[in-house]
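The following blocks contain the structures, represented as structure tokens.
One chain, chain A, links the two complexes that follow: it is found with chain B in the first and with chain C in the second.
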Partner chain A sequence: MKKRVFLLLFLLLWLFVSGMAFAQSGGTDPNNPHGLTPEQQALAKEIQMELWCPICQGVRLDVCEQKVCQQMRDMIDEMLLEGKSKQEIIDAFVVQYGVVILGEPPKQGFHLMAWIMPAALVLAGLGFALWMSRKWTQRAQTPLPESPTSEAPSPGPMTDGVEDEYLARVEEELEEF
Partner chain B sequence: MSSQQPSSPKRRGGFTLLALIAIVGIILLVVFYYGILHPPSQRASSGQAPDFIVTTYPSDPLPPETLMPALNDLFGSHYQAYCVDDVQKPRPSEYDRVTLQLSKLRGTPILLNFWASWCTTCKDEQPLLESAWRRYKGQVLFIGLSHLDQDKNARAWLQCYDVTYPNALDLGGKAYNAYRVQGVPETYFIDKEGNIVDYYVGAIPNGSILDQLLQKLLQAP
Partner chain C sequence: MSDLGFITLLIAFLFTLYGLVVSVLAARKKDPILAASGRNALYLVSFLILIATLAVVYMLVTDDFSNEYVASHSERALPMFYKVSTLWGGQSGSLLFWSLLLAIYSTGMVTALWKKEPKRGPWLVASLLFVQAFFLIISLFASNPFNRLWVLPDGSTVGAVFRPQGAALFIPADGSGLNPLLQNYWMVAHPIFLYLGYVGMTLPFAYATASLFSGELDDSWVKRVRIWNLLPWTFLTMGILLGSQWAYLELGWGGFWAWDPVENASLIPWLTATAFLHSIMIQEHRGMLKVWNMILAFLGFWLAIVGTFITRSGIIDSVHAFAVSNIGPLFLGFIVLTFVGYLALVWYRLPDLESDAELDSLLSREAAFLYVNVLFVVSAFVTLFGTLFPIISEAVSGTKIAVNAPYFNKVDGPIFLAILLLMGVGPLLGWRRTSNAMLQKSLAVPVALALSVAGAVFILVTRHWVPILAWSLSALVLGTIFWEFYRGAASRRRSTNEGWLSALWGVMARNQRRYGGYIVHFGVVLMAFGMVGAVAFQHNLKTSIPLNGQAELGGYTFRYVNMEQTQGPNYDEMKATVIVTQGDRNVATLYPRMNFYHSRSAKDMGPTVEVGLHTSLREDVYIVLNGFERGGDLAAFEIFVNPLMLWMWIGGLVMILGAFFAMVPLKQPVPRRARTPQSVAPQPA
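The block that comes next holds the complex of A and B.
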């Protein structure tokens, strides 16, 4: 009996506390203060995940706890309720807050350089490596010129064809310089 | 020796490539040293103040159904502790939707304040600025630029403190970036020739410091 009364009291207290909390929040769901539909909520989350906190370092809008982020999330909800599309909302944010909220440079104008340059540099590096490797391969395959030293071989282990080959290459390198 | 021979096209190609690599290397070095000597975080602290063009906020108050939730959101349910008694009082229409361009304001010393409605320390500074504006009006023009802000929040803020000097949204953070501001609030003191005389990082803590800065601005040649 005592247990039941205790349980009833606990239930009443829980109802009272949660009722107070609900009233304090203005009768709205704290996770959905603007009363968005599930589709709008999903779209709001999608937009939040594409935008970044403008005053933090590498913090996405959906997980940012700054006041400015809360205001931005409210603005997204309000614009969705006005019937704006995802792109319209993102464009409006870029105009009002600047490109910093995209977390990446926009793919237009001078900012395009940031996208092109790394790829261009990698391609240029690959091209250079390819060019160099072909040059080295060609040189290795080119028949070696007759070396004057090969006509008068000196005695000892250094007089074989291997030495001639290296000497010829050294001469060729010296010529190039 | 072979040094007398004319250079082959292959060798010329090699030299061209080396020259290109050297030029790219030199350009990268120049950019690197320019970056070191001119770090992007270095704020505009002297010389000619960067120009900006803004349109001031409307002076008519927001409708109560927008104003009250915005005040609640910015200041909490005890917003009366921060705000003037009549938060719905229209602000002076003198600066209603006016286009302000700094370069066209030569001849007037200017106090330029960067602020935001989401900024906590701005709450302490705002009453000081408004009070100083009422004392220095006619000698110094105060301009407030709200950074990363939204119309309803900024206007609710201005209603709350009954701000009567011109305020505008710094659209896209253009002025903020031009001055290389590092956070709000930040205040610049610009003489009548358009030169930065001084600046204050963070909220100006009290009226006497603000007075000193304003006197220095007025005494600037």
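The block that comes next holds the complex of A and C.
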């Protein structure tokens, strides 16, 4: 008798558990079809936001509606479940689709130029500006006659009184000197 | 009608050549009669281009599918409004539209300046007609909007002006339809303004060329050219803003700027045109940077052409590259020719472009202008380089790479922040030199504001350095602007004893250029505020919701309650109803939609989305319908919450208002006495 009760309880438990499992497999959450943990979901999203659609231009993986991108998103989930790290997953995609999915030039080899060039341009530009201003200030050491377009206040226009507020401001500024 | 348009355009081209030759002869012989003939040729050319454009519009409106352009870009069911806008919806039409805008601009500029410019005038006509000739060559020989459709003996169809051997006319029953992405009000307005900006870049270039050829190189050219740069700059700004609005509403990815090649192509000339706006002020006040200004006047135009080449020649694929054709080599030739020719011209005139003045101090407004100039030009070339890098990489290393938004944010972002810094400090520096004491006094308020904003953001909002830096620099600029307005009004009050408001208005009206510029800066601050908010604090969620189910994001609850199918004029529409609530508060009912267009070309592209948008000063709630199953029992949505997004559009509007304030004189200047350069009122447009 005791055995029967025990068996019945066992059967009920089994039914309950398998029913739960069935319910879970039948009604998968469409937003988390692979049953990732919240941490894995966050990581999946992070990876999606760093990769780009391999066939369209400038569309990030997390917002892309192409079939290939949906498959890529599924693959990310599966690789996360296999316990792969973020870098391993990204590397796997680079092998499969090429560096194009990184969305920016890789920082190695020839492509390093894409990163050096802007910095070089900025430095060259600022160097040019510095050189120009040096050249000008050096020439300014030798006093030259006031240029006619100069904004410096000359007594001429001021005879009109302080009605012209711009000149008044220049005057105000010059008080500081 | 195709024939009429073609012949008109051909005659226009012949008169362009005539006007070009006659104007050059007139300028060399100083013959006013020849000069007038050249000018009249320009007017005639403009009129003929208008006729040719109207011919295309007529064919579009009357569904004349014997014309290749109409057949491949329009359809019977297209609403009339979009039939007209199809003029600029495809390549050959938009190039003709380019010619038309150039014709209108040329006519306006020549009419306005002819009497004032006896020496530059003929050269100006020649330069404008030179550019027009190039675009007419493209329209006539490479991308002709007047091609008719022919069916060849082997059954294939071909577009050509003249009957190919053994071919018969072919008139399809219906056209293949306009790209659905272009069937949107923003997309109708956006290209007009973008082209007005792009084409308008020709004006400063033509004026600079005329100055170089005629040898009239005194500083008067920068005063006169200012308005002809500011006007297209304003249009280009509007075009870029409308384009981002379109991208935001129509592409359904929650963002407004993707650093797509086409977007970059519009931003690059904008950057150099902005540099030019600032650097002409140095030449006006101090007689410096003459060569640099000549180069900048050219760069805006040249980069607009380069941008068109990049996006239209098909060398880069992009969502915008709607057509690919054989115009590439012609564009490349023109790009090289103008570059070499212009540099040679500047080289030849170099002795006349000596600087009149010197830099007195590194702490001066002209020095700040110099640095901001360099930064604008560098950012233009960095962006150009990034846009072209995939091609360079493929050619050199053979690997295909993509250069997307993060790259540009990383390389352009710091440059833009540096520009923001100079925007805050520069206006506080005086011309020639600024004493440390003076600088400390004027910087006190803006710096205090910037530091308190940085502190508040750090404590209350985020620890991320990008928003902290961007917002505190914006606060610096804001402080500077208010300090400038305050000082101006205070100074005027001292002499006139007016109230604060009327003193402020008085000082602004007296100096529209200066205060218009500050209003534009204020707009930039608002835009930076909004853009940083939307980019740094965006939330998004991709989710499938069953009917009557709900999802949550950013404190909002989204309940999906209905899906219905309705009919548009040339599409079927699936419309979802989503009720947005926040706690107990009902925020909005949004209707994200999917449109399934009927036309042949549209079916290949798949459906387009119309986002459901609720906007407020705090944040935008933005819903995209991405798909549905079983008639709508389950629907896939992507939801975005974009904080502060509205401020970007408000800022854009303020920029435009500021530009108009700087451009359109409130009253005629009173010729009282010799005015200082600063108070010269802008010339009427």
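In this text, the second predicted complex is superposed on the first by the 115 of 177 C-alpha atoms of A that agree within 3 Å, B and C clash if a C-alpha of one lies under 4 Å from a C-alpha of the other, contacts with A are read in each partner's own complex, and residues count from 1 in each chain.
The criterion applied here is as follows: contacts are C-beta pairs under 8 Å (C-beta built on N, C-alpha and C of every residue); 3 or more make two chains touch, one makes a residue touch a chain.
Since the model is a prediction, treat every value here as computed from it, not as a measurement.
When both complexes are overlaid on chain A, the residue A:Met75 reaches chain B alone and has no touch with chain C.
Legend: residue contacts after superposition of the two complexes on their common chain; A:Ser133 is shown touching chain C, with no touch to chain B. In the overlay built on the shared chain, the residue A:Ala114 is in contact with chain C alone; chain B does not reach it.
In the superposed model, A:Val100 lies in contact with both chain B and chain C. Shared-chain residue A:Gln40: touches no atom of chain B or chain C.
By the touch criterion stated above, A:Val63 is placed in contact with chain C alone, chain B being left untouched. Overlaid on A, the two complexes show chain B and chain C touching the same residues of chain A, namely 98-100, 128, 176. Chain B makes touch with chain A in their complex at residues 2-3, 11, 17, 73, 116-118, 120, 148-150, 153, 169, 171-174, 177, 183. By the touch criterion given at the top, residues 54-55, 66-68, 70-71, 74-75, 94-100, 128, 131, 175-176 of chain A touch chain B in their complex. By the touch criterion given at the top, residues 30-31, 52, 56-60, 62-63, 65, 98-106, 109-111, 114-115, 117-118, 121-122, 124-126, 128-129, 132-133, 136-137, 139-140, 144, 147-152, 156-157, 160-170, 172-173, 176-177 of chain A touch chain C in their complex.
Those residues of chain C lying in contact with chain A across their complex are 219, 253-254, 258-261, 284-288, 317-319, 355-362, 367, 370-371, 373-375, 377-378, 381-382, 385-386, 389, 393, 396-397, 399-407, 410-411, 415, 430-432, 435, 437-438, 441, 487-488, 491-492, 494-496, 506-507, 510-511, 514, 540, 542-544, 626-627, 634, 638, 672-679.
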